[in-house]
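Supplied in structure tokens, the structure appears directly below.
Chain nomenclature is as follows: A, B and C, assigned in order of appearance, with residue numbering initiated at 1 for each chain independently.
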Amino acid sequence: MDMKLPVPRAGLIVAIAALMLLAACSSPPEKSAGEGASKAANATSAADVGGLDALVAAAKQEGALNVIALPPDWANYGKMISTFSEKYGIKITSAQPDANSQDEINAAKQLKGTSRAPDVFDVGLNIALANTDLFAPYKVQGWNDIPEALKESGGKWFSDYGGYMSIGYDASKVPAPTGMKDLLKPAYKGKVALNGDPTQAAAAFNGVVAAALGNGGSADDIAPGVQLFADLKKAGNFLPVDPTPATVESGQTPVVIDWDYLNAGQSEKLKGKLDWKVVVPQNAVVGSYYVQAINKDAPHPAAARLWEEFLFTDEGQNIWLGGSARPVRADAMVKAGTIDTAAYAKLPPVPGNPVYLTEAQTNAAKEYLASHWTQAVG
Amino acid sequence: MTAPQPATTAAPGPASSGTGRRRSGRIVPYLAVTPFLLYVTVFLLYPTLIVVAGAFTDDANRPTVTTLRVLTDGVYLRAFARSIELSAVTAAVGAVLGALLAWAVSSGPPDGPLRRGVMAAAGVLAQFGGVTLAFAFIATIGLSGFATVFLRDHLGIDLFTGGVWLFDLPGLMLVYTYFQIPLMVLVFLPALDGLRPQWREAVESLGGSGWEYWRYVAGPVLLPAFLGAALLLFANAFSAYATAAALVSQGSPIVPLKIRGFLTSEVILGQQNLGKALGFGMVVVVAVVMALYALLQRRAARWLR
Amino acid sequence: MTAPAPDTLASTAAPGRRGAPAAPRRRRPGAARWLVLLAFGVFFLLPLFAMLEFSTRQAGGRSFAAWRAIVQDPDLVSAITISLELAALTVVGMLLLVVPVATWVHLRLPHLRRPIEFICLLPLTIPAIVLVVGIAPIYAWVTYLLGDSPLTLAFVYVILVLPYAYRAIDNGLGAIDLRTLAEAARSLGAAWPTVLARVVVPNIRGALVSASFLSVALVLGEFTLASLLNFNNLQVTINLLGKRDAPVSVAVSLAALLLAFVLLLMLSYVGRRRGSSGVTEEG
């Protein structure tokens, strides 16, 4: 019936094969940036472009900045963005506010060479450590105020703000918890939510670490943390809902385990509507800092660097403090008297010595989680 | 009359497009098909090849089977099992209920407002997945949903005494049927339309009852179409991602969510190839199902031409 | 004999023997049918009603503030526009791509039917979440060549609608006597493009409308590819909005659904006029 026509078929196969070979070496050519831009793109400090004023001028000429994964109510980023925008007249495009650190890196890789690529990153430490080849080294003017342990010596990444794991709760619906184990009480039935999946989100990961510390574990042993959540699930207290500002406001998630600055931000926002309180659990103080980095292929290199400078000025750091985050230059600012004392006093008290996980401990914890979390909670 | 051409109307079989035709007649059809093939190659086949290739490489881009071997680890097998369970249950429920609804619609006038309305609604709801569907169900039987509150306040029934199942596999099953049933209606209705009223008359005239009609005539005719549609529903549920992504935030119980975890996790890094391996696994499962579906379609088409 | 009406065929076919029992048998499916329709109606309308209820909740009463906010939020308006434009582009792309191929498979390339059917089933076989993993490098090229607009998503959306579109158009072509029409047109001197545009397309209008239906519905509801390729289409924006402002998000979801429903309903009236059998037997 049908005459086999080998020619078109073979042609198809050849075409596919050719495309496959093309695949191996295909990546679109880089769009070459202008001359002035490359000057800023290679600057490792404000001095390289001729001082802060020159940087401001170059940034204003670029006129735009792409940021990513900065929700407006996360450590007061909304105010940070609008203040920067007004001060320098630079339009900021805030993409994907609910993205996480890995999404930021994915976006940078995917949008590389386009004008939508993110200029700056605000990522978790482990993501930064894994992706230093994407960052451009830069030392802000307040560089010396940042503790040694919290920055990369070459300037590729540097901590910006941090906080501790906390329990946020609706004081009118549940009693005040003091430690992580309190959440097992029947008063919390169907109410306890964790901000994300610990195998995917850093905030949730640190929440499990805090649970481990509060349940007899340690920074090396995260199993009691997973066990606590398994117990919460069994008791019916664990709510597998992703807490968002919307769920907190509507009362769907009356208890949220999250960073203290996020919970405190909710308190501020909902003042008058909801009595949202924040407590850092006893003997389960887990701390972590986020880090800033500049995209090596930033479409707006001068604006990116100006943004970093702004974040580390007293004004920028105090804006973060206003969002209940602990800015990294806090100690230096307290000494110099430039800190916003009222906001500083409002930070949730820290009952105990904070624990910061080392890289090795983090890796061990991650492996344990990967193989045990789904069973514990699924 | 027209100049005689080899492939004239009478021939029921496929025309042999070679003998006696002019050269341009041979090339022109291929000219039309080539852009299509190129387009599909670039945007469909090539990405698939990337995924398949990625499943067989490790992090350093060397070919290896270890990535695939990791899949046999208990965690991933369980995820596949749960995905298959979810898809099978929603396919079965969707197929049966959808066939019922299709029957109810097909026994009415073919151009009436009911049929038009149901078809339009089915067309929308079959694609209505993801975020909007998740929100719809959260608004209905979520913690502060309309039905939850209503049942609690007026009938004293608490939907969630056994735990909040909406955001777990049982919840996914309920939510999936919401788009499986319309899809079944869309796919199965043409088959029901193909049932000729003469067959019913013939059964009646031979003294058969309605039950016998369905059991001996309509049933066997519809069976391939029904099973084919059920398989399509299975593949649809198995591949569904957006709804689960919007609803489930803890535990990644099913395979598409695990793939998302590998691609976007900020805790466990560098597992992109594992994600591709899982993707390859998904493609294999769905390919098997679709092959069966295609076979059944061909069987069904025989009767309903 | 009177012209047979559908419901009385059975009784006329068996005049005396089954006359009386046939009548009540006809009525029972009627009642059962309406019961079934009612039950399904409740099941499907309940979540939609709940969405309406949720989006109009206000402290101490009802309010359409969330609905008004739809047109006030610039992100939302731009996302709606983008999605509608994407739907239009996808429909055009799909028609341009599928109609010639389907026609030629019917007319001249029957041996390609199986491979092309297989290819058109592939998008159903390859889940979007898997496709997006492989398509990222392609999109690097696409955005390099064509700029960075979300409208480039149309390329991959055409692939996603292929299974439904090809099936609908294929069925439409199978229902008309394509060979006769094409031969007649060719014998009257029409070139192939004319045959396609002026003979084939008007006769399969119903199928084209149906394929466009499904394409529009799919594009308006697509989330996976847009979100993982970092574009802001309607569903991505709805998801984002849901975290900040749930009532508006639910309101716009419901509005999108209703819009799609109205579109499809309107299109069903347009398509049905000619019916699926385009060629009337006129002796």
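FYI, a residue touches a chain if its C-beta (ideal position, glycine included) is under 8 Å from a C-beta of that chain, and two chains touch if they have at least 3 such contacts.
Not measured: the values here are computed from a predicted model.
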Pair of chains with maximal C-beta contact number: B-C
Most remote chain, CA-based centroid, reference being subunit C: A
CA centroid of subunit A to CA centroid of subunit B, Å: 37
Averaged-CA centre spacing for the pair subunit C and subunit A, given as whole angstrom: 40
Chain centre separation (subunit B, subunit C; CA means) in Å: 15
Residues of subunit C engaged with two or more neighbouring chains: 110-111, 137, 242, 246
Shared-contact residues (touching 2 or more other chains) in subunit A: 2-3, 5, 23, 106, 250
Multi-partner residues of subunit B (each touching 2 or more other chains): 14, 17, 30, 37, 42, 45-46, 49-50, 263
Subunit A - residues contacting subunit C, complex: 2-5, 23, 26-29, 31, 95-98, 106-107, 110-116, 244-247, 250
Footprint of subunit B on subunit C - complex, ascending: 6, 9-10, 13-14, 17-18, 22, 25, 29, 33-34, 36-37, 40, 44, 46-51, 53-55, 97-98, 100-101, 103-105, 107-112, 116-119, 121-131, 133-135, 137-138, 155-156, 158-159, 162, 171, 177, 179-180, 183, 187, 192, 213-214, 217-218, 220-221, 223-224, 228, 235, 238-239, 242, 246, 249-250, 253-254, 256-257, 260-261, 264-265, 268-269, 272
Of all residues in subunit B, those that touch subunit C in their complex: 2-3, 5, 7-9, 14-15, 17, 25, 28-30, 32-33, 35-37, 39-40, 42-51, 54, 97, 100-101, 103-105, 107-108, 111, 114, 116-117, 119-121, 123-133, 135-137, 139-140, 145-147, 178, 181-182, 190, 197, 200-201, 204-205, 207, 210, 232, 235-236, 238-242, 245-246, 256, 259-260, 263, 272, 275-276, 279-280, 282-283, 286-287, 290, 294
In the complex, subunit A residues that touch subunit B: 1-3, 5, 8, 12, 15-16, 19-20, 23, 100-103, 106, 123-124, 126-127, 130, 190, 194, 196-202, 205, 233, 236, 239-242, 250-252, 366, 369-371, 373-374, 377-378
Complex interface listing, subunit B residues touching subunit A: 13-14, 16-18, 30, 37-38, 41-42, 45-46, 49-50, 75, 78-79, 142-144, 160, 162-164, 167-168, 248-253, 261, 263-270
